[in-house]
Amino acid sequence: MTWEVFNVIGTIAFAISGAIVAMEEEYDILGVYILGIVTAFGGGVVRNLLIGVPVSAIWEQGVLFQLALFVMTAVFLFPNNVLKHWTKWGNFTDAIGLAAFAIQGALYATNMNHPLSAVIVAAVLTGSGGGIIRDVLAGRKPLVLRSEIYAAWAILAGLAIGLGIAKSPIQLYVLFAIIVTFRVLSYTYKWRLPNRTLKARSY
Amino acid sequence: MTWEVFNVIGTIAFAISGAIVAMEEEYDILGVYILGIVTAFGGGVVRNLLIGVPVSAIWEQGVLFQLALFVMTAVFLFPNNVLKHWTKWGNFTDAIGLAAFAIQGALYATNMNHPLSAVIVAAVLTGSGGGIIRDVLAGRKPLVLRSEIYAAWAILAGLAIGLGIAKSPIQLYVLFAIIVTFRVLSYTYKWRLPNRTLKARSY
Amino acid sequence: MTWEVFNVIGTIAFAISGAIVAMEEEYDILGVYILGIVTAFGGGVVRNLLIGVPVSAIWEQGVLFQLALFVMTAVFLFPNNVLKHWTKWGNFTDAIGLAAFAIQGALYATNMNHPLSAVIVAAVLTGSGGGIIRDVLAGRKPLVLRSEIYAAWAILAGLAIGLGIAKSPIQLYVLFAIIVTFRVLSYTYKWRLPNRTLKARSY
């Protein structure tokens, strides 16, 4: 049940984030649907692959497809002057998708009794897959590799679940809210981690 | 049988389209083979993944590999002055690959009794997978996201098969010809769908 | 056993090559880890997919994760003035990953009694998968499609294994050393293959 809730939340959130990126890049209406669908279900395909669920299981989610199409239509028709900060909404829905899929990846790896390091990697790869597909197709640098803190929150999900801190549905929902909140704070206040330059091409 | 015909048509068509894009980007001869092979069999991998066929089944197609290599060699050696409009040929073979794989995706989803919305998404993702891999590797914006109508024809395939309009082999071949024709008309006459701009970066 | 050795070598080598590319692109410390992990395990996912091993088997490699994290930390902390030629080290570790995974792909296809053409394609796709993921995410043109000879050495691995020239562990390690050596010579001396220009956009 909790699993299914995260699946619906993550899929819808990634569909919206893909649709918003497509509108920012001035795609036509079908391009908006395509990038939304590819982000949402491409992210689901990556998650299914990584956690060992048959990829073709995504076709059984007929209601979810219709819901995603409905939500993307709503986004496309939304009046511009009511909602001016599209980029922030794109980042916000991406944060929701990241949190939902990272939790699913970590839960799967924990249930299979994999070691903590594998749980963390599962959280990161599962959570960032949908956004990576979206950004690569739109010709953007993937959010997960940009300078504001992103993957750290998927690692947090992996730690909390792998160490057994978050177990019950309630705890998982709280963890979900925490991850979304920290990710929103990260891009709002441009939190950064230290980096190290090689000045690769100046030799 | 019909299935196998579409598989051969789609694979060969994507191999040629990949080879042409590689020549346009001035890759060396091995780059031409590589991009052709990755487009053709990468598209097949995406299709197999999405329709639940083991991905490793693609290695059993030894004759198809040899056919693809032969056809790409022919394209590489083709005299320039005979065939001037390479870009159009690249788009034409891509249209054939799109139609063949979209029909396979839709047939699979219909046979598994999935709802119409899933059939349509299966047609779009299966049909556009090979071209997306080719364009991402060549550093181009994927055809499916460009402004000339593209995915709409995969949706048409999904509708025709999902609603039971095209069932017999003959009907499927006619559908195939219709999709290729409409896609060719789309890029020849630059048919477009409405779009909506967010002017994302001007806020 | 030999198989496992190549798996460890390939995974670690791709992790380092991803970390180096991330430092060249001035990513923060987490970006370095992410690109390293995605390159190493993404390459493993592609290999598992193509050779029919369940993708979720990668999570069982807890020790390998820890080893990869340790090695990437060492790379990140390495003093700049000791090791000036980062780009060459990135190319060198990529060559090791290419050779290790190409041999695994070819071995798999040979053991399944697939024809020689399939063995060669398996070697190329399996060997180049990790590097392709790394370069696409970093917004670079994939090494496999650049002008210095790259895929030819994976083809060599496919030929040597498909024709039964390299069979015993010793022979496979020698083949591995030969592929790495030739790849290093290729980028050091900028070996090139003939290409053919279409001057696509000048019509």
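Order of writing sets the chain letters: A, B and C. Residues in each chain are counted from 1.
One rule holds in what follows: a residue touches a chain if its C-beta (ideal position, glycine included) is under 8 Å from a C-beta of that chain, and two chains touch if they have at least 3 such contacts.
Chain labels with UniProt names: A, B, C = Glycine transporter domain-containing protein.
This one's a predicted model, so the numbers in the text were calculated from it and none came from an experiment.
Copies subunit B and subunit C of the same chain sequence form an interface built mainly from non-equivalent positions, shared numbers / all numbers used being under half.
Rounded to a multiple of 5, the C-alpha superposition of subunit A onto subunit B involves a rotation of 120 degrees. Separating the CA-averaged centres of subunit B and subunit C is a span of 28 Å. Contact of a single residue of subunit B with at least two other chains is seen at positions 49, 136. Those residues of subunit A lying in contact with subunit C across their complex are 49-52, 109, 112, 114-118, 121-122, 124-125, 128, 132, 136, 141-142, 144-147, 149-152, 192-198, 200-201, 203.
Against subunit A, in their complex, subunit C makes its touches with residues 20, 22-35, 37-38, 41-42, 45, 49, 54-56, 58-62, 65-66, 69, 76, 80, 84-87, 136-139.
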